[in-house]
Amino acid sequence: MSHNSFGNLLKFTTWGESHGDAIGCVVDGFPAGIPIDTKYIQTRLDLRKPGQSKFTTQRKEKDEVNVLSGVFNGKSTGAPISMIIYNSDQRSKDYSEIKNKFRPGHADYTYYMKYKNYDYRGGGRSSARETAMRVAAGALSELLLKKISKNKIKVTSAVIQIGNEKIENSTWNNNFINKNPFFSPDKSILKKWKELILTHRKKGSSLGAVIEVRVSNCPVGIGEPIYQKLDSELSKAIMSINAVKGIEFGTGFDLVNYDGTNGSDQINFENKKIKFHTNHAGGILGGISSGQDIIFRYIVKPTSSVLSEKNTVTKNFKNTKIKTKGRHDPCVGIRAVPVGIAMTNFVIADLLLIHKSKLL
Amino acid sequence: MSHNSFGNLLKFTTWGESHGDAIGCVVDGFPAGIPIDTKYIQTRLDLRKPGQSKFTTQRKEKDEVNVLSGVFNGKSTGAPISMIIYNSDQRSKDYSEIKNKFRPGHADYTYYMKYKNYDYRGGGRSSARETAMRVAAGALSELLLKKISKNKIKVTSAVIQIGNEKIENSTWNNNFINKNPFFSPDKSILKKWKELILTHRKKGSSLGAVIEVRVSNCPVGIGEPIYQKLDSELSKAIMSINAVKGIEFGTGFDLVNYDGTNGSDQINFENKKIKFHTNHAGGILGGISSGQDIIFRYIVKPTSSVLSEKNTVTKNFKNTKIKTKGRHDPCVGIRAVPVGIAMTNFVIADLLLIHKSKLL
Amino acid sequence: MSHNSFGNLLKFTTWGESHGDAIGCVVDGFPAGIPIDTKYIQTRLDLRKPGQSKFTTQRKEKDEVNVLSGVFNGKSTGAPISMIIYNSDQRSKDYSEIKNKFRPGHADYTYYMKYKNYDYRGGGRSSARETAMRVAAGALSELLLKKISKNKIKVTSAVIQIGNEKIENSTWNNNFINKNPFFSPDKSILKKWKELILTHRKKGSSLGAVIEVRVSNCPVGIGEPIYQKLDSELSKAIMSINAVKGIEFGTGFDLVNYDGTNGSDQINFENKKIKFHTNHAGGILGGISSGQDIIFRYIVKPTSSVLSEKNTVTKNFKNTKIKTKGRHDPCVGIRAVPVGIAMTNFVIADLLLIHKSKLL
Amino acid sequence: MSHNSFGNLLKFTTWGESHGDAIGCVVDGFPAGIPIDTKYIQTRLDLRKPGQSKFTTQRKEKDEVNVLSGVFNGKSTGAPISMIIYNSDQRSKDYSEIKNKFRPGHADYTYYMKYKNYDYRGGGRSSARETAMRVAAGALSELLLKKISKNKIKVTSAVIQIGNEKIENSTWNNNFINKNPFFSPDKSILKKWKELILTHRKKGSSLGAVIEVRVSNCPVGIGEPIYQKLDSELSKAIMSINAVKGIEFGTGFDLVNYDGTNGSDQINFENKKIKFHTNHAGGILGGISSGQDIIFRYIVKPTSSVLSEKNTVTKNFKNTKIKTKGRHDPCVGIRAVPVGIAMTNFVIADLLLIHKSKLL
């Protein structure tokens, strides 16, 4: 039973609401002896932190993480690692209207119907603020993977499409991704994206995005068929991120345009290594990593919080209108990038431990 | 830890290999007092059964299910329900070549690397034959949902694209789906699909397909945020089906072409009911069912078993060529339809029990 | 996979070390709409709090609990409930000797061998200080049971033996239990227990205790056979408490002195109720509650921290001697009483939710 | 959620009723490459098999196990291992009376109240017949432990008390245990036990028993605190066995007669090994194996099925009398011995895999 926990041998549990006192997580099943650099966790959080550029929400949160347990003498002890971030810039007044109305496209209506008593302030538990703790937990799993794989396994991710502006595959540049506020791997598209976002921000609207994740040097054998397949677990992980509406691996939905002859990846043995001619499969065969790069993409819908007036209903089921003022991301997909990286690292670390346990 | 089990409060575990003595499953956590009609389970299995038309594999399996436990006086007892299907048409000789070579696009290479000793005959554990037991388990969960929802909740699914031939949304006809060998909801496309499949079958190739699932009358409130969201659990379920490479909900990947103003579903209260103007969200908000139809699509890649010769490698890591003879589906996506229905029913039944447990 | 979590549909996860900054827990799967009275949780914690009488440890901890999430407008929201207690009186210097030596009877040696890097201060993670958070989580589950059962289900517990001084069954007085520092149900034994404890405290030694738990008005049907039996889950829960070395239900080990004729509980129907003649079974048949009082006992060993010198070994595996100074409980079993109550409430609440989910 | 499954990384699920067609289990998470000798599994089952001497039930079951999946070329493949035993000697007529009456001391009443529709024949799902599949699953885990520990880890178990006749600790002889129908480690007590059992059998009554389990050469470090402690998991396992009413580790309940000075185990380093002076702790400190022998005892109550007439109630809640004829064990504790061994092997194998997964 997971509810608010994710993972198996390695597991994290998050807690906290957008406008409560604090948010936090507990990472359990973390091996002892792993160097834990709190500053590194903070750098990962800083990548997701709001209020950093005019392309993201103007809510200002320091997102300063405290590690409260499970670390001794700079290393993990095998005990649960508890982390906490105190909320600082809640400004609850901005959200007063949502006390009585359901924001279209948000979870207000379903939370109300399921729980009746729920914390509506800033979206409460359903707010993407929860994803900060995924980044913290993901950073821990990254430190674990670094240690186990001797720095080999590397998860990279970038935005590849905003609105209808998509990068060409050939223009992907790993080194550029963290050097621009869009996590774009392609310098040439920046101008278009800036214009798109500023235009939408100005009119109080928002944009969707497609994000790609690539994992290099993942060893062969990660993933437990039939119901803990690597792609199955990654899908569960990514689809749990706010606003994500789809995921595809390798050639994905476009595979419907291929046939059996050209849609699978032929194999050769070269220089003492298995070499796949192509990567339609996205690095996963039968739910198990094949040693190729693991590649997948996911779509983050445009934020539903926009300035234009929309039809909705009150908690007393009267028809009404709503404009969501607040401070919102014009393209929330951008800030999803570090979250997707975190979840990917976590899934791989968890499945790696499971795989390891079965080796004689 | 799931491995070969799926579900939480309601759980099934499958076992068995394609060319072993039998395949089976155990369904646990099933409430007592539900009428169990074995014939109904059989009719669901028959929909997936191989060898029924020239558009699917020619392997002949009766797929006759036996219920071995958990049912007494025609009703469930709350004890685990064990079901078994004996394999009858294994013809192992057809697969002799795969003993020493890895079939491209299949799990042979990854299973060999992960397990060393694995049953390669007919793909063994990684064969889609395993999905027969999902259909059996799914049929049980369907009987449970029927009872709980008084026949209201209904999962429907159809193939909406084969190769590059896609149906128009407006042509969807529920009643036609089970009246044609393609599970097509659109009579007008049949001719094109027949031609496509027969052409590919003739040249020993295969085709991909896109499948859509629709759930009607799912009550509001199903799904447990943050890590047991309804879409997250459905994605895990569907992505665990053989050859599936992507999934999307509601408007899915196409949402990148919408903005925040037109990409969310406005709400009204009409005739004492909540009414959504559109269904971009696919019936799920914040991971919880909204009462709208739940809608998602998934891509099934073209079978990798084709007659054209491909490059591959032996278990001794020598380069070689392979042609996969055997008896294969020219469009395996067709037979995935009842499997997707089964998994969807199971996920909803499981999450419904969880939801119910928390109601005071 | 549980590690530091306990429960199924209702689950808590604890974190924190004896001499770290704080200890805490996250309770997940808690239904929405339950009134949460933080003061009540505090009163439960106060029962376990150290430093309250000369019969327990002199460590002074306020054990002030903060609820950080999951509660809104005084009621639970269905979101995880995070609670934290900051440590205030750590006095690490008292424990400096245990940095390099293994205390006999404690977990030092096994933690060192398992984790190498572990927090030895005050026993770190293995300290009974962790049980404070069980009491907090248990108090929440008690509030839930009160609501669901309309105040009917009631867990009572008392010390029934300290050293070789045991109460007579006939002298059990529910009302007296919370009116004395020993949680004794029998006023007449107090004098003997006081003398025993003060004598042992004076010579720096300690005493074991036997504790009995009684649950009244538990409805019939709680417990899920075969591997979530009520007695099985309670045993797992109680045996996880520090220093507990055994548990027995109903007549327990003494049943070996009965035969099949007199060792089972005959049944009658009287005044529209099932009436059992005796309660050898402890209120559980086939792992399911029978409606009788659930009765079990557990043994808490004498604290191993004593002033007399003992043989032990250093972390460099040299033979040495150790005296454990610190501030310790002369009879740690006394403070286990509220912990056992908490775990019992939690197990019953969890299994009650599971049972409820399966009712049609 | 376990219900009818036991274990974590290594898990088994049992199914089947006493008088149904068959009973079976699925063992999941079993590593690949372990030699699986079906004959060995059969020898373990034969130890528990009914009808072997006049000291056990006269029901005749061949208990012939079939392995249906997960084994290829004589070795495990990492896929789930399904095992089945067909029931042969059901004789349902013997149990006709229990269709309408609740047998005192049995689960009839609680199953009826929980499930309404349940298989009452021979106790159905609540029958100890289910434990045959635990023995089969336990045998697999034993094969796994043999391989991993190079035949070092060894679980031994014996009956140490029947009725009021108890063996002396000093008379324990490992080699004698499997050479007598009582699993007695002490030849000198056989005469008394025979008399006791034959006397009770003659008058249609039954006897309780205490069983001791010893695990030698378990490595240090097995067990995951706080809620997967080795003793906690073993208690859960053993308490799930039919008719078990208590468990204690090491000195157990008798520790209440010790004080902190003499009740803990002092340590020395001798001949390059840690040596404990005593074993009050039963080989477990802080929930983790210490390398000492793991020692625990459990009580199996006298079978409630006896020939003397008892008061009970019908399903219509009328008072009535019942005599349980059938074929029953005069001392069911004897046949519990191989079941306790199986569960112990399984717990240790499971926790060993978990421990292994965290080693860097």
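A, B, C and D label the chains in the order they appear, each numbered from 1.
Basically, a contact is a pair of C-beta atoms (placed from the backbone, for glycine too) under 8 Å apart; a residue touches a chain by one contact, two chains touch by 3 or more.
Computed from a predicted structure; not experimentally measured.
K.L.:
Give me the chains shared as neighbours by chain C and chain D.
P.N.:
Chains that touch both chain C and chain D, as defined above, are A, B.
K.L.:
Which chain has its C-alpha centre farthest away from the C-alpha centre of chain A?
P.N.:
Relative to chain A, the chain with the farthest C-alpha centre is D.
K.L.:
Averaged over CA atoms, how far is the centre of chain B from the centre of chain D? Could you give it in whole Å?
P.N.:
Using C-alpha averages as centres, the distance is 39 Å.
K.L.:
Could you work out how far the Cα centre of chain A sits from that of chain D, in whole Å?
P.N.:
Chain centroid spacing, chain A to chain D, equals 46 Å.
K.L.:
Taking each residue of chain C in turn, which ones touch at least two of the other chains?
P.N.:
Residues 1, 3-5, 8-9, 14, 29, 32-33, 78, 114, 125, 354.
K.L.:
So in the complex, the part of chain C that touches chain D is made up of which residues?
P.N.:
It is residues 1-6, 8-9, 14, 102, 104-107, 109-111, 113-114, 125-126, 130, 161-164, 200, 205-210, 220-221, 223-229, 231-233, 235-236, 239-240, 242, 245-253, 255-261, 263-269, 274, 277, 280-282, 285-291, 299, 301-306, 308, 310-313, 317-319, 354-355 of chain C that touch chain D.
K.L.:
Spell out the residues on chain C that touch chain A in their complex, using ranges where they run on.
P.N.:
1, 3-5, 8-9, 11, 13-17, 20-24, 26, 28-29, 32-33, 68-70, 72-73, 75-82, 114-119, 124-125
K.L.:
Would you tell me which residues of chain D are touching chain A in their complex?
P.N.:
1, 9, 29, 31-34, 78, 147-148, 353-354, 356-360
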